[in-house]
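Same chain, two partners: chain A is paired with chain B first, then with chain C.
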Partner chain A sequence: MSTQPLQALAGKFADAYAARAADPARALAAERFRAEGLPTPRVEAWHYTPLAALADVALAAPARDPAVLAARIPDLGVPRLVFGNGRYRADLSTPPADLAVRTGAPAWGVLPEGLQHHLVALNTMFAEDGAEIVVPPGTDAGVLMLVHLATGGASHPRHAVRLGANARLTLVEIALGEGAAFHNPVITFAVGEGATVVHTVLQEESAEAIHLATVFAEVAKGATYDSFLLTLGGRLARREMHTRLAGPGAAAHLNAAQLLGGTQHADFTTDVVHASANATSRQTVKNVLAGHARGVFQGRILVERDAQKTDGYQMNQGLLLSPTAELDVKPGLEIYADDVKCSHGTAIGEIDPEQLFYLRSRGIPEGEARAMLVRAFIGEALDGIAFAPVRAAMEERIGIWWEAQQAS
Partner chain B sequence: MLEIKGLTAGVEGKQILNGIDLVVPSGEVHAIMGPNGSGKSTLSYVLSGRDGYEVTGGSASFDGHDLLEMPPEARAAAGLFLAFQYPVELPGVNNANFLRAALNAQRRARGEEELDSVAFLKLARAATKKLSMANDLLRRNVNVGFSGGEKKRNEVLQMAILRPKLAILDETDSGLDIDALRIVSEGVNAQRGPDFSALVITHYQRLLDYIVPDKVHVLARGRIVRTGGPELARELEETGYASVLAEVA
Partner chain C sequence: MSPSSTQEREALQSVTQSGYKWGFETDIEMEFAPQGLSEEIIRLISAKKGDPDWLLAWRLEAFAAWRKMEEPHWGLLHYPPIDYQALRYYAAPKRKPGPKSLDEVDPKLLETYAKLGIPLKEQAVLAGVAAETEAPAQIAVDAVFDSVSVATTFRQRLADAGVIFCSISEAIREHPDLVRRYLGSVVPAGDNYFAALNAAVFTDGSFVFVPRGVRCPMELSTYFRINARNTGQFERTLIVAEPGAQVSYLEGCTAPQRDENQLHAAVVELIAEEDASIKYSTVQNWYPGDAEGKGGVYNFVTKRGDCRGARAKISWTQVETGSAITWKYPSCLLRGEGSVGEFYSVAVTTNHQQADTGTKMIHIGANTTSTIVSKGISAGFSNNTYRGQVKVMPRAHNAHNHTQCDSLLIGDKCGAHTVPYIESRNATARLEHEATTSKIADDQLFYCRQRGLTEEDAVNLIVNGFCKEVLKELPMEFAVEAQKLLAVSLEGSVG
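Presenting the complex of A and B:
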């Protein structure tokens, strides 16, 4: 594949950057980006996810006000921070009364090491806005929505979430849009000792959109980062999750379900570093692929030398609904400690004809029987979602997705 | 009434049923006995519409419907029920939701009103109790982690809730201990009446002590080679299938 269009795009980004005000973080990022550009399939981490489609992205500001999309935000009855094309929209937001939330100039979080990731460097060059959410020690901040609405152009929001010791927050992240938008968010979590973050993501960008998200989580002693991603949208999507279990007894759950049809491509890439002893990581990743869709799962678990009694598990399951769908899986374990429990498993299959016949023999029509089996397949991943309204919203979206697949 | 005439069928080009003629009138229970490989399970799958079985000749009708032209779900809605020899596990599908989806799909197909969850649960709990089944069986995933006996009871529970007009029991006795056999048989006997008929497929006479058939048919090499009353089952138990097979050889 020619990488020329990508180089041209990288050049356009570099030119656009030259017009910006100087900032040490941005300057570092720009230096990095000028040297590395955008990743080509020759970069190992991007082998299965070519970014060629990114070359079609128009950098020009979109015509439509993202407020037109606000009606599509699911009503979960909780406070929300809404961003439109990368900018905070106070008029669409209902910030929590009792929680410190700052918007405006981005809080960089993971610099400079984060800049080794091409898209984090790009985000750092252009991020103009973001939410900084700080939960004080011992506080249960309840549920907060973080919404991004896109109507076009390129958006690089930069969010940071910090929890004090024994604090708690459920963050429901929702991305939706219309048209050929490029959305490149970076979110960093710092989870203090004994604190818990539940991070639930509903990605339903437009069918022409490109969504490339990078998430960093640093999890302290006895703390938990519990995440679930539902990917439904985007022409091209990838979410990279970099999780570091930094203190003893830390836990991370990185669960995902990707439901794709048509020619969609979605990639879920995880990197879990067990840097401390007695930490636990769990990953359940489900791909349901119809049409010519392509799903990717790359998951690395790195166990450092001092991370004894690590308990790491990764399960990847794929359900192929058509012979032209494709799932690429690259699990990886790197273990430098000698007393650990670490494993991964992969199972890829089609709808089981025995199960289908069993349901039909009981009077359930074929389409409904297939739907039941697909729901059952994803169910295990959804079961972990404790906040019922978001789970209901996801179930509804899954139902709509299924009907769209039946119709196509 | 089930009417099968000259039915020939096979799988992967190999003919297994070589011309079955069989009539099961409404209200009657017929047993089909036969040695392994005689075509018992093939007959149950062909009647219930499983993919992969090719009907090459003959006919099968049920209450005037041409069964062989109908998809499996339509056969079920018309009143046919197959109790599987090996009930299928459905991880992630809750037993109560499964049963309700099945019952309501059939009711929809027949133009009847669907049951709401309260009415359904009342019905399901009563049926569960009658079959001496634990209540949590409704909450568990369909057949997942069930013992052999629990799976067979779950088949009979489905039958009790769906109330078919014709039940085909495919070796429902296999893997059952004597207590489970009694409970399962009582479940089937409770359905008996003028509008219910059953085809009880079994290898052994034991089940027929509990579900006493009106007629017994012996299936061998894809054909019904003998028909008699319940006494035929006892005769086979004493003499084995060899004598019958020798007669037709």
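Presenting the complex of A and C:
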């Protein structure tokens, strides 16, 4: 059975935990993890993303100090909190002067039913550090970077972000790495009434890395959680977004673009719960797949009984650039209220030969024409990014990715 | 609500409470197997049916596989555990072999057909009397009563065209080589839990064989009826269309009204060779249980079609209004180059019904196309889930799928769910999927009411419009029937 190495790995995690000092705060997570282990493809939510790759990564101690990667952090001209292999690095950070940020211990955050997720339980067992970011009511905290640098081993950072009423924050999360590292962050957002969080993520781990992130967002009345993920890195990557629209008029945007080549596997999984009336959710997900890459998108919109006047929309588009790429999509609507407007759409295909012909007939060489069409395809997802420097940094990365694909 | 509409409501409720008009039970002398399921029971069924040895071996193999399997619970369905040992796996109307005249046929059986309103001018024929008249009806009927097929009409006319249409037990006796060649070739004995159970204990069903180049001269139809208490119905249908053949087949189902749940686990296998086309339509109206959710049929069905040859076409159309639980995913294996799969479905759930239904389109060959149109309507306390898979294998160049799933909610205590699985492993494939969920818009209702329609009629009109794309796929005779069925199913669910 292919699941055996995974069970063995889960056993190793359990043993490593047992060797630590007893900690009542983590005991429940450990109990869960011992019972459930790591998810096999037989677990419905993990059907398309086998974790077998995690079992073959030798989680050796990091070879180098993560500081060597600091030069690769894009300069966005804003304060930054930098973590190296799961630990806060004051020497690499420039914390914001006017914002309450606490580091040095895991920031647990509020986790409704979080431990039922295998990897959240694992994170809870081993989290050593994290950032707790609190934005007081009515404050615009501007832009803050949250960076993780990985050079090996397993990191389980645990971050929490809390916004008071009508507060505002743009959080740019960046994950960079080298070698075979396992990065398993958990971030919780509590977005107060009328507050707005913009959460922009650039995931550019190494081609051997495993990146499994879980994000929880609880969005209050009239508040907005607006996120965008660009996945470029990782041998195996998955980001699970659990968003609960808890108050009337709450809004969530969960957008993503996954650009993959080689034998990369990346999974974007969203779960949006409309728990209150008049809430809105929007998702635009783009996959561009080259080589033998495999992209996965799973999205569920759950509309609870009282969430009348819900407006939910999910759009997923996939572009397959090679005959060996694979895209698996599982959108889902689960609706218990009757006065709702919910829809989802999926379109999967290759570059439209007619569009290519159109450009070529106007004298544009094929390579350039293809690049143009791919950029236009991803462009729609990037359009929502308001903070120009991060958008520019992402566009630059996309350009580099495209060139690398052309060369390979 | 105005007094007049309250009156309307009361009038409607009285109609609704008369509810399921197919709920009668026929008191007829039956022959039963003892309760429970074991190798002995399977040997007993096999002996009753006079199975050849290979079939008994196949049943036992299926039973062995079934015993190792677990009942699937991934559907969005909630029901108490089924006690498979409390059921009877064989029940048949007692009858003397081959009645020669109507007098020899149990009159209760004839009465049942009359009540069911099957177009039985040919009741005599159906009862097994060999009087195939020149009746103008265009539909040949095979009726399955509990576990066995009681008779097939219009045999001679079909035989003249070269078409075999008979009960599967008869086919096993008369055409063993054909059956052996195709049986289990699309849904193997150990395919899934319910299919394995069916393979072990199936007692009858229909068999259709349309030879090369023949266009079946009339619609074929099977009528399934569960009657006896505590029995399961396990029929198995096998339809083979040789190269260039064409056939349209319709099944209808009803069951008596009972407080306990009845189990129905059928298997349907379709085989379409090169250029052949099979159209399979279902109007499923098993007893759905009462307004409190008591009783009703558990409908766990495996239906799969195999487009083996180039340009073969299989089209599934279903109107699902009955059953307490529906678990059903008519599928197409698109192997042949340029083969076509279609799935048109209307699923209506009211009261406490639960439906988890959809399709699978597996694109294996190049240039294969599939179309999915699913309309789900939920009312009362029901839950209605569309679950469908579209899978494109690496060699399915230029495959194309278009899927449209729409859900309509009537009332705020029900649920409508959509769970598509879309898997593409070929860059040249084009897959499109759209899904929407909404309720009947107030302005649409207002528009109709303003023009003098009652609320109930307005809802029927809107619902029929919502389902039109599917209903138009049904053979004409049944499209009318299906529209009426929709109206009856939704009675009393508005407001």
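Everything below uses one rule, namely that the second predicted complex is superposed on the first by the 402 of 408 C-alpha atoms of A that agree within 3 Å, B and C clash if a C-alpha of one lies under 4 Å from a C-alpha of the other, contacts with A are read in each partner's own complex, and residues count from 1 in each chain.
The working rule: a residue touches a chain if its C-beta (ideal position, glycine included) is under 8 Å from a C-beta of that chain, and two chains touch if they have at least 3 such contacts.
Bear in mind that the values here come from a model prediction, so they are computed numbers and not experimental data.
With both structures placed on the common chain, the touch criterion links A:325 to chain C but leaves chain B unconnected. Legend: residue contacts after superposition of the two complexes on their common chain; A:232 is shown touching neither chain B nor chain C.
In the superposition on chain A, A:336 makes contact with chain C only, not with chain B. Shared-chain residue A:350: touches chain C; no touch with chain B. With both structures placed on the common chain, the touch criterion links A:376 to chain B but leaves chain C unconnected.
Measured by the number of chain A residues touched, the leading partner among chain B and chain C is C.
Judged by the document's definition of touching, no chain A residue lies at the interface with chain B and also at the interface with chain C. Residues 44, 305, 308, 318, 320-350 of chain A are the ones that touch chain C when the two sit in their complex. Across the interface of their complex, chain A is touched by residues 48-51, 71-73, 75-77, 81-82, 84, 87-88, 90-93, 98, 101-103, 105-106, 109, 158, 162 of chain B. Residues 353-355, 357-366, 368-369, 372-373, 375-377, 379-380 of chain A are the ones touching chain B in the complex.
Partner chain A is touched in their complex by these residues of chain C: 74, 76, 394, 407, 409-439.
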